[in-house]
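Going by the order they are written in, the chains are A, B, C and D; count residues from 1 in each one.
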Amino acid sequence: MKFGSSLCTLNVGGRRFSLTAELMKHLPLSRLSRLHRCVSESELLELCDDYDRDRNEFFFDRHSEAFSFIMLYVQHGKLRFVPHMCELSFYNEMLYWGLESSDLQPCCQRRLDSRMSDCFVHFFPEEEPQVQEKPQSRWVERMRRTFEEPTSSLAAQILASVSVVFVVISMVMLCASTLPDWKATETLDQHRIIEAVCIGWFTAECVIRFLVSHNKCEFVCRPLNIIDLLAITPYYISVTVTILTGENSQLQRAGVTLRVLRMMRIFWVIKLARHFLGLQTLGLTLRRCYREMVMLLVFICVAMAIFSALAQLLEHGLDLEAGNQDYASIPAACWWVIISMTTVGYGDMYPVTVAGRVLGALCVVSGIVLLALPITFIYHSFVQCYHELKVRSARLTRSLSAEFVS
Amino acid sequence: MKFGSSLCTLNVGGRRFSLTAELMKHLPLSRLSRLHRCVSESELLELCDDYDRDRNEFFFDRHSEAFSFIMLYVQHGKLRFVPHMCELSFYNEMLYWGLESSDLQPCCQRRLDSRMSDCFVHFFPEEEPQVQEKPQSRWVERMRRTFEEPTSSLAAQILASVSVVFVVISMVMLCASTLPDWKATETLDQHRIIEAVCIGWFTAECVIRFLVSHNKCEFVCRPLNIIDLLAITPYYISVTVTILTGENSQLQRAGVTLRVLRMMRIFWVIKLARHFLGLQTLGLTLRRCYREMVMLLVFICVAMAIFSALAQLLEHGLDLEAGNQDYASIPAACWWVIISMTTVGYGDMYPVTVAGRVLGALCVVSGIVLLALPITFIYHSFVQCYHELKVRSARLTRSLSAEFVS
Amino acid sequence: MKFGSSLCTLNVGGRRFSLTAELMKHLPLSRLSRLHRCVSESELLELCDDYDRDRNEFFFDRHSEAFSFIMLYVQHGKLRFVPHMCELSFYNEMLYWGLESSDLQPCCQRRLDSRMSDCFVHFFPEEEPQVQEKPQSRWVERMRRTFEEPTSSLAAQILASVSVVFVVISMVMLCASTLPDWKATETLDQHRIIEAVCIGWFTAECVIRFLVSHNKCEFVCRPLNIIDLLAITPYYISVTVTILTGENSQLQRAGVTLRVLRMMRIFWVIKLARHFLGLQTLGLTLRRCYREMVMLLVFICVAMAIFSALAQLLEHGLDLEAGNQDYASIPAACWWVIISMTTVGYGDMYPVTVAGRVLGALCVVSGIVLLALPITFIYHSFVQCYHELKVRSARLTRSLSAEFVS
Amino acid sequence: MKFGSSLCTLNVGGRRFSLTAELMKHLPLSRLSRLHRCVSESELLELCDDYDRDRNEFFFDRHSEAFSFIMLYVQHGKLRFVPHMCELSFYNEMLYWGLESSDLQPCCQRRLDSRMSDCFVHFFPEEEPQVQEKPQSRWVERMRRTFEEPTSSLAAQILASVSVVFVVISMVMLCASTLPDWKATETLDQHRIIEAVCIGWFTAECVIRFLVSHNKCEFVCRPLNIIDLLAITPYYISVTVTILTGENSQLQRAGVTLRVLRMMRIFWVIKLARHFLGLQTLGLTLRRCYREMVMLLVFICVAMAIFSALAQLLEHGLDLEAGNQDYASIPAACWWVIISMTTVGYGDMYPVTVAGRVLGALCVVSGIVLLALPITFIYHSFVQCYHELKVRSARLTRSLSAEFVS
């Protein structure tokens, strides 16, 4: 391999570029500098598509316009996108020639980021249904789909509807049981039967879904399933306790622990997330926006610390005896700060001194500004998640229906 | 028709593409593969615009750049939009060659969706006035327009104004009638006369609009007309009852049923929707966004279930005697949750325990986030509906004025 | 002028288009059909730039690509923007050839509208300073600028600052005068002197600005000046009354009318609009968004009518004796509705029945949605107005500074 | 140098443009007119890249398309962006030829502004680490980074975490110290020790950071450091006072001044800004948006002035005896206005007259509109700041890690 001082020719997609070997070595394109370091022709052919020894010409089957644009960058030092080219295609060319996204001008780099975040979102769902399934488990697989994907078949839809109905019934029961006129003993047995049926259904659903799942371990770790478990077990614990300690369930209900266990059924309502796109979107958004959630939390905590300390000082601390006793301690003032910053304003506490009121106005206005700032990010993410889940669900329905038809 | 192993030439808009027949058969462009299956020349000419048997050349009068881009897709497997071309035009080309929108890369697919939703909106109103009208019903048609389209003529505008005035009068009457100092008997007769005139006008308007409508059945099903009917009939029912049971109208008014019937007149206010673009936009938005409305409802219900159960537990359930009696039952706590989540905060109920206040803060912040998420979709839709209705109304006005002029 | 059946050639910007005379007559481009109707060459040269009788060729010094695009429209019936061309330039070409914006596809039409609204905004301020001024009024003009344009010179800035200081002083005086511990008589005389000085300054400013204004009539009609007048005159009225009825000003102050007159000084605060870009932007936004303001008002009124009537019925009407007396009449319920819809929630009224609370929840949620919808338009307009006023103010400053320098 | 009446040829990037010398002199491109004024060839070569005396041809190694576009501007008077070119590149060409951004059409000018504001933001962080450092101060530099840049190394991260823990501990201590059951004397000594440790840590951190800082003066002026100082000194002051006046610290704590000094520790919470991107973003946003902040403040003040004066008049002023005593003075009404405009609505004050309620409704609605308007700008700025700081922090991490690796 002799480069000498002779000219090299790069033939990119039919267009020729002549460079001195010296220049080529110093170009910031790693593919070209590696070309220069090659010692054998076979090594060289790993880097370019063809080599013509006579004319010292290297062939590359790549987009010529993109390359000429990249060469311009080499001379002027500012790499920007080729105007008419898809940003992602150009990025592919850049990677081929050995540039990274950080070599782009900052504004183009940002454009690339936003394009990639738009697109990765859509690339991701396609890979999921690639699970290799054994032919004998066809029946299990169909069962699994019936339970896991409510849109996959008519049976799945009926099952989903029944499940929703049971959730609603058990929620209504739970709410009603706290009403004062509900605690008459005569209807108590009926309620216990309805409760038992609901629990029975949820238990059965849970067990079947566990049995037909692909991956038992991953199934147990899924948040929705953990919630299911947490919502079901308390019932069995309380039944066990009742059996052990005797039939006096009325007394049981009076126990604080059992009331807490009972209230955990409320988390069944999250089961609805399986059946409503909106709730799934919400879940996905929350998982994606955990950074923004933390930011929101930090904002609230910092603002709460500052404003509550100042409010306590101004309303109570300056005059311990005559001061507003509502603001006696910082934690009490915290409650006022959060209720004011969110513009709820129950009116159970409010400043009465002039300084306290000025602080209050400041607190409210900064609350409006502060809370809204991280939420804008969450909105943006929510819109994206919604579109993504709609596309994914449409695909799932289509591919499944195609399968059942063929 | 012999393809053999010879080369075919596709002449698209003057640009030639040479393909082996084998390749052509396997291309994912259904038009080309169907071309291959043709047995007679006449069949072939249904698929292409011309055929030159000597050179085995197929002519297509289509956009050549779009086709060459589509051919690139065939080789690289990633179909994106041609940079300078209108997305809709390119989609037309795709459909011609036998591709679907799902063959596009996801990011381009989304761009197409958004373009189409932008445009269909505008295509739709053009088709409406295509109703074939009989020449003899010209007068009826003009009458119909006068009543249905407030911007169509001067008479229509006057009619609309009178109608608005009557609505406002009857609304003021209804409001005033509930004031304590209004119930003096001396002015009662005057009010009854004004009421009767208003009702008479609305009835007349309704009847005429029904008589001159194109399609009686569709007229009856329109939501605005149903509301009209619901707002008018109660008056006649109460008059009938009064006549049947005697003239003691004062006593009548004391009856709960009649008060309910009377209050239904409030729905006349929705008649204003005929005359205000904003209200029409709102109606259209609500109809289009029913999915987002359901999402909003589901979000509120789920959040209400979880937070109210927890609030009841923390504020009341943990200590039944000393606990906050405002939170005695879950339905009562629901009221607190919705009033807090929407940041209204009347102050009739508020948590007093530390745990309850932490939950309250959480509830308020998640309420701000939750409620705003589906509303962003509704905003977007509202803006679109508004532009659409403005364009439609401008067109209607223009086309009608053109008609009256010529 | 003979067209006959021979071919015409249109030479647009160097590119030739051949058409039969028949086709040309029927094209929807009014310039070409008017060309056909010409009887003399001079008439013809008003429509095209040159004419070559031998070759029957018409010359147009226009953009050839735009024309070829428009010709495509003629054949396919769908006119869209040329991809790389500025929308406004293309629109110019369209107007030249006799097309209107309504000939564009709806999506392009909307794009054009938004571009034009973006740009007209900026074109507008350039025309303003074209006022022809007499050389002798140079001094008056400089005086006018000093008073009207706070950024035009150092003197103007000082004047503006003094004016702001006086407004602030008079506002503080007005506020302080309502404080209970302020009404001591010993400081009363000082206050009256300060008051008199402020009024004197405002009067002087007003008079000078009136004297140096270009157009007295237009000056009187400007909203800011009307407000000035309304804020100043009450003082003189009260002084007159005091003089006429004797010096007992303490007694004067007790009179309702004089208190009202006194309070009108609050409108001086609007004078600040002269000195703050933000307030000017607000004013401009309100003037531009009057449609959206009306929409907001109509939304609020309609929602208030419906919800207050229903709330009165549910909370009070169903049970006149035991019902919630807060909701005794619809106007009273209106107050609750507006305070709930805007999520203020003072807590002076709130529903207590279950039906009333469900209605309340509905009212609050629909209030959040309803109020926000028209406000999005106002936001958009505000952002635009702000940019516009910033650009205009920057230009004014630049052009004036250039003038003073040269 | 003879131009005479002969033609000049401009060769821009290989494309030739022929102009008469006369025309060239009058073109609004300052480079060309300066060319005309040159007297020697050397002077000329400062303006163009080469000159061919024989053909009177000037060579410019610039973008030819941009120049031809600029020439078009000369003839038509409307300069717009070349469609496919990056706005910033085109602006470079414009500057080269002697045009300014104000020569662009207003819409393009605005596009350029927004592009530049996007990009300058990203250019700025690159220049910062260009500080020339002495070789011997390598250790100091590493120390500095450890303290100032929490992401720069493992040690820095540990230090940052410890610092956050200390802040949280001291915040919890401060909050707890205001609780009533905390004031038992037996634990008081422990608290004083924890306090002393926290203060010690903060003092040490502060001192080290000061010692290793590049520029002592700039260090002292940084807002975060001023806050540190303000938060630390009060402790030493109170210790000094305690020592001077004796050990009766219980009595000290009762003193108002010491309570105020103590409460200043709350500002330590702002130290967290060093460790949370969100808080830094917030700080940067506030600094950038000071104009919008002022606008928000002005809006609130003006609205408060007008509404509070009117509310005082309507609720109290019209009937001094029977009127609502809550609204006795304008400053009192101000509190109601701000609490209503921000939709907080504590309910401690509310209007009771009809006129006052109408004003209240108006005040609330205009508050929603007014407050939101400047906030939209702040949102926009916040999003931009966030992206910027994320990019900067990613770069810092990358470049530092690269340094430690090599």
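The criterion applied here is as follows: a residue touches a chain if its C-beta (ideal position, glycine included) is under 8 Å from a C-beta of that chain, and two chains touch if they have at least 3 such contacts.
Since the structure is predicted, the reported quantities are computational estimates derived from the model, not experimental observations.
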item	value
Turning angle required so that chain A lies on chain B, C-alpha fit (0 to 180°, nearest 5)	90
Homomeric contact chain B-chain C: same or different residue positions, threshold half	different
Repeated interface matching C-D, over half of the contact pairs identical, chosen among B-D, A-C or A-D	A-D
Centre-to-centre distance between chain C and chain B (centres being mean Cα positions), rounded to whole Å	30
Chain centre separation in whole Å, for chain D relative to chain B (CA means)	42
Residues of chain C touching at least two other chains	84, 331, 343-347
Chain D-facing residues of chain C, complex	84-86, 88-89, 115, 118-119, 122-123, 171, 174-175, 178-180, 254, 256, 259-260, 263, 266-267, 269-270, 272, 276-279, 282, 285, 296, 300, 331, 335, 338-339, 342-348, 371, 375, 378-379, 382-383, 386-387, 391
Interface residues, chain A side, partner chain C - complex	343-347
Residues of chain C defined as touching chain B within the complex	80-81, 83-84, 105-107, 110, 294-295, 298-299, 302, 305-306, 308-310, 312-313, 317-318, 320, 328-331, 334, 340, 343-347, 350, 354, 357, 360-361, 364-365, 368-370, 372-374, 376-377
